[in-house]
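Each of the next two complexes has chain A plus one more chain, namely chain B in the first and chain C in the second.
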Partner chain A sequence: MDHANDNSINVAVMVKLEPDLSEGNVSYNPDGTLNRSQTKNILGPHSAIACRAAMYAKTCYNAWVAVCSMGPPTAEIALKDAMAICCADELHLYSDRIFAGADTLATAETIKHGIIRMGRRIDLVFSGHRAVDGETGQTGPQTAWKLGFNFIGNVIDYSIDVERRMVRARRKVYLPSLYTVLEDVECPLPALIALDPSYKDEYRRVSERLRYARLEKEARRRVMDYKSYLRIWSAKDLGVDVRYVGLAGSPTIVYKVEKIPKVKASRRARVVDPSNLDDLREVGNLILNIALGER
Partner chain B sequence: MKYQHMFVLFEHDDGNALNVSYEMLGEARRLMDGFNRKYALNEKVIAILLGHNVRELAYKAIDAGADAVILAEHEELRYPRVNLYTKVICSMVRDRMIVKQAAETTSDEYVKPRYMLFGADSIGRHISATVLAELESGLASDVNKLVIDDVMITHQYKTNGKPELYKHVLFMYRPDFSGFLWTQILCLDNKNPTIAREYSPQACSVIPGVFEPIRYDGDARKRVEEGYARIVEYKPEFSSDDLKYRIVSRQIIRDEIGLEDSRVVVAFGRGIKDDPEGNVRMIEEFASLLNAKVAISLPLSKQPFSVSSALKEKYFIPARVVGSSGKKIAPKLYIAIGISGAMHHLAGMKESDMVIAINPDPDAPIKDESDIFIQGRLEDVLPILIESIKGSERG
Partner chain C sequence: MDRFDAVIVGGGSAGLAALMELSKLGVQAVLLESGKPVGSKNISGGILYSKNYPYGKVYNVEDIYPNFQDEAPVERRITRYYLNALSGNKVYTIDLTEAHNYRTNFAYSVLMARLNRWFAERAEEEAAKMGGGIVDGVHVRDIIWMDDSSSSSSGNSSNSIIITDELEEFGARAIIAADGVNSEVALISNARGKFKPESLYQGVKCVVRLPEDIIDERFDVSNDEGVAHLFAGDISRGHNGGGFLYTNRDTLSVGLVYHLDSLLKSPIEPYNLLNEFLTIPVITNYIVDEVPVPKEVDRTLPREEQLRIRFGLSRLLKQYEELRYTYYSKHERLNAIRQGLYSSEEEIKARLDDVRKRLEQEYGVSFTHDYVELEYSCKLVPDGKRAMMDKPYKHNVLFVGDAAGKGIFLGTRIEGINIGMDDAARAARAVARAKEMNNFSEDYMGRYYAQLVNDSPYTHDIRRIDFEYMKIFVRACRNIPIEPFPLFLKLAFMLIQKTAVQELAGAIARMLDQNTLLRIIESNDAYVKIPMEVAERVGNEVKPIAMIKPLSIDERIARMKIREDEIAHIRMKDPRSRFIKAMVHLCPTKCYIMEVGDGERGMERGGEEDARVGTKEKVGARIVTSNVILQHEGCIECGTCSLETEWRHTRGEKGIAYNYG
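And now, the complex of A and B:
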């Protein structure tokens, strides 16, 4: 692929290995908390959405796509899963014991260095809305800021004007206590887009659907041999200042994890035994009366 | 004193304040009152207000607990744009002269804020992240409890394994996704000499609907006139490059679910697990008999079950979540089916007039928030309720 051509679009996707919260794979402790050792890890669902957005760029704008992740060596599973979705051209894993324990700022620092060292001018970065375990939603915007890219969050649809090197996006802006706003924005590349969970990729033209099918097939072929697309970077390879990554570069620490104390009972429940059918039917009547506005 | 004051981003949509703005200012006032008693009187609550023709909101911020407001008004600031807002906010809070005008107790050594609060919503979540990336300090998200205290810390990196005293630390509590664990996040300087670094501000985004707002008597104007509270105007500067991110159009959309307006709400949780598809269909029927809207608990929005895509797209979505990170509702009747009752779920439904829970576990926390607790499996209970409701309707 010719990247000297200015009409080319180069895409990076940031993904994360996360606990699989789907039933059958997830394990909870008796107190309701996640049993991490018994729960398997996969490509996070929001990361998967970011990969779908990258596949859209590949299909419609012939984009070159690299997927990157910071994590332990096992995080290559997330990269492999990502490749299956977006037919990635390269996989980058930033894995070094020095990176461990990073908060969002130190993670963004590592990913910034990774994206700078991809060997191409990166035009567009995709990230998920938030991880299912960490759930901060901060790493995307912080990476954008460190890269000096425009940040567009809560994106549900986007298109690229390759000639003008602009991206146009539709955002879903949630304003609790007020309303939700659909906002159409436009900004120059490079930009980082964080996808809203309700992002939908629609391939409207037949040519796009055909190309998508071809890329899907190609993705399956690549996944079989994903290791040959994978590059693992150490802190030294990335050229990061070790004071700014991992635990050393994290302003925040997790000081304590505790069980949330049970709130004081504010109601006294009448307990109904469902094997007593008359009692249950009485509750049914009560429910209906309230629903009909008679109580 | 290099770091001073608690800054709060006052969030609004073209002049319509988000409730979380008042809630944050209320909490900031309480925290700062405690700080002033315990440590020093020279630190203030300062609201940051960006917008176009929003001076009225500055008075509201003062009524809600701010000592001062730094106001940046410009047509280009009418709606938030992350990069533009970040630039303005960061240059504002680093401008010693402006901060001194807002609080004359500001030290000549002032560099950056000590604390900052943002809303955990589509405005504050991203702006907090970029502002703290620019100010190079720590941020906790989705916090629902805040405490300021001193603490002894022994940490491999922060203190090189030696005990060190940290003063006026902001303890930021965030519930995890399960709602059962609370994580205390602290933003601490590196006192370890080999990586010595100061991290300020200590900042977080706050879950909307958690903290109590306070209201003074609406005498903000008088207090500003008499000099007890201050409104300082800040002239924002930006380049043409900053304005290349354009908002092309905006459209307000109605909440398509309408949980807030529903007389009866039927909510379900992980208790559907033995037959997700069949149980959701049954719950759907039950709700439609009652003309009720259907809600879910937070874990279900992560789509943990394999169900048909029709059901998944209709029900297993964040817009139906009741709880502190979803909707807060107070219907006439709330029916909780297979919901254990994590704290953040209870926060979203405890104002309901009547609560009926269906759950086989007699120790489920939802019981303490219920008026009627049907102790059984939904598969056994719902068919009978449906049958009796259908029977009554015919009669």
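And now, the complex of A and C:
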């Protein structure tokens, strides 16, 4: 494929169907675990962020966008929701009984094959931070590794230099209990970007806003007819090696799930009556002592 | 830099009408709105009129949006209009339908936030054809005009740059300021000062939920028809103002409107006034509904069990509510059956009864009488006859609607939205002509707009009291029985009930000057004393069918959708002024509070205390209150405090977002 003079940008987004944990929609079994059959499924919130990043590419760089997902046939709901956000040009669902029971590595293998077979040179792949029902955040990086793409994680902002075929991204690096660092990195395309939950798409020009509004409307129109944009792939269609996908391709074993014990508070708390002057004075004195370093 | 022929600031009904009209006239126009989505900062009392005049044309909503009557999400067509005189639990009702119908094609009750979203869709569609559109979540901070004097003669330069909090700056050849009663563009351009309290009303409103069929039955209406009730009398603690209650499809708009200067004279909390109003038997009987009261979850149960109960209950309550609002609405009922969700009305009823039984038996839910408040809101309203700008233009800016101080408010005649839309259509025509001649100057475009506005019959009605309307009003009072009144009032009523005298009164009124007449019409006697007198002597007693518990202001604030702007958009100038102290009471969301100073620390300022203010008693006489503190969290941007503050709207997407409006 020769793309030397091609300034187009092709984007793929990987999304996941996840349980809707909002009140009124979620159900629990008597033992406190999630009742999946009674709980509504929607596009995961982190996947939605990945879609917003793709929409940014579509608005500002006129990118072609495809959304893909691995899951049961009902996962097309997630693709439909994703389309509403990023006005996708194509929807790909990788659905096959063979894929069932996949861990992150096996999922990455499936998605890799999907992205390779999208029929276009893919320049940029977006993934969410993690899933609300898995919380590992590994599928994105593993897919990048399998594709041989550069990986940039925890991205809160990005721009593309179409001429130089480079992507510049701002990463939010968390150093637990120390501080947060913002890091600007640049790397050549193709790349896979995992978005930080605090990613915010900013459109700074009126013309961009207007274009965004038009795409949003186009997205609404497409969603009404999303099935005609949808292609469902079986394992055979993707040409995957069945040893590396689904349960067979999953080295992870979940042998036990534990509830996180509640941390016992080591502080003492007392309720203060705001109309009681003595109480307030005591609070004031305590604050004063701390301020003066007397403890 | 982006550059546009026309930029509209503000996406209310007037701004959107301007966008629609400009686009129809072939002008590329961009509308900026700080709320997101468009409509989320718009509220109105809620009636939209379409009018016709024998002299001159007005641009009505259906002229601007041709499919308005068939498609717009209006609530109900208002076919009856009443004025109620109140005193205690006595009420006397006067039918003002004839006055309401005066020069009216139609009138709908509307919920502005919802309706504006529809207007926005239509206008955006039209604007896209010209390469324009709507940009929401953007707040205009400043406008720069370049060599204004020279451009007015040569005329063809794009001479203004718009600076926003959110976007890169861009150019505009013409600007339509539709940014409402607290217009910032008016101040930026120096076109006018802030409106004075005597030119403003403060309105508070709550939207109350009630199933459609229950509204039909309670107000005796059908076929999407609706009723408007106005109220006067002892609802105001002596302030000049009145109440209203309009029927929407499955909600009611209930609220109060007061002259701001009257409120400033003896400040009182608007939410308390509203709550007093809601608990008057007449009003309570209109808004009361049957509501489920969940039982407290037993805290001794295991946590998992508690969770299970809580989630189960909230699912079932949601189901109950949906079923109930489906069953008690002919539209929803038919819809649900057509969609195949249920086979018959009986089935919905059976399901509803079943869910109700489960709620009672499995979760111990009881049902009681109360009302369901969905949304609380507040707005300043410019009183057209005092606030209207003489010169509604400056540089390349044209002012429309509330921003230009428009509105017809005369006793029971209440119109605002239609007037703003009429303005917008005229401004669009002025801009289109300016574009054609490539001259956007004040002298050319501005003056032409002023002339167009001057031709509007609405402008005429704002300037002069319409005696035809007054005559119809007086005629409506004809049937008040006069016997029980004291001599003076009896005489007065007798006079207005004689046709010949009416004519004579009309002639005399015509001779009096406008201000003298206004003093009579807007006197405390007219607002409060006479209605009370009427209600007391000839009114019917209304027995409350139930007691309701109005929400406290804290509960209301907790339910609001407010996205805090970390940068304060209001700054006090003098935290000790009389005006700011009044705000402690008049702010509809309690943003102003009295600081409790400590006498020992030298903050004592004896003598100048407002006795009504503060928590003096609690902390003893030695400690006095002095400064007012502003907490802008919870501000709903009504602008009541704007006169003596540096006041701006919040930045884009921040601040209040109304659901109903």
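One rule holds in what follows: the second predicted complex is superposed on the first by the 245 of 295 C-alpha atoms of A that agree within 3 Å, B and C clash if a C-alpha of one lies under 4 Å from a C-alpha of the other, contacts with A are read in each partner's own complex, and residues count from 1 in each chain.
Keep this in mind: contacts are C-beta pairs under 8 Å (C-beta built on N, C-alpha and C of every residue); 3 or more make two chains touch, one makes a residue touch a chain.
Just so it is clear, the structure is predicted and the values come from calculations on it, not from any experiment.
Legend: residue contacts after superposition of the two complexes on their common chain; A:209 is shown touching chain C, with no touch to chain B.
By the touch criterion defined above, A:26 lies against chain B and chain C together after alignment on the C-alpha atoms of chain A.
In the superposition on chain A, contact of A:277 is made with both chain B and chain C.
By the touch criterion defined above, A:103 reaches chain B but does not reach chain C.
Once the two complexes are laid over each other on the shared chain, residue contacts for A:154 go to chain B alone; chain C is not touched. Partner contacting the larger number of chain A residues, of chain B and chain C: B.
Using the contact criterion defined above for the overlaid structures, shared-chain residue A:73 touches neither chain B nor chain C, since it reaches no partner. Put simply, chain A uses residues 23, 26, 28, 31-32, 275, 277 to touch chain B in one complex and chain C in the other. Residues of chain A touching chain B in their complex: 21-23, 26, 28, 31-34, 45, 103-105, 108, 132-133, 135-142, 144-146, 150-154, 168, 171-188, 194, 197-198, 243, 247-248, 250-260, 262-275, 277, 280-281, 283-288, 290-291, 293, 295.
Contact residues on chain B toward chain A in their complex (touch as defined above): 13, 16, 18-20, 79, 81-83, 86, 119, 121-123, 125-126, 128-130, 132-134, 136-142, 151, 153, 155-158, 171, 175-188, 190, 195, 197, 199, 208-209, 244-255, 263-264, 273, 276, 289-292, 299, 302-306, 317-318, 332-333, 335, 340, 342-343, 346, 350, 354-357, 362, 365, 367-376, 380-381, 384-385, 387-389, 392-393. On chain C, the positions that touch chain A within their shared complex are 2, 4, 30, 124, 128, 131-135, 138, 166-168, 170, 304-305, 307-308, 311, 314-315, 318, 618-619.
Listing the residues of chain A that touch chain C in their complex gives 23-24, 26-28, 30-32, 203-207, 209-210, 213-214, 217, 275, 277.
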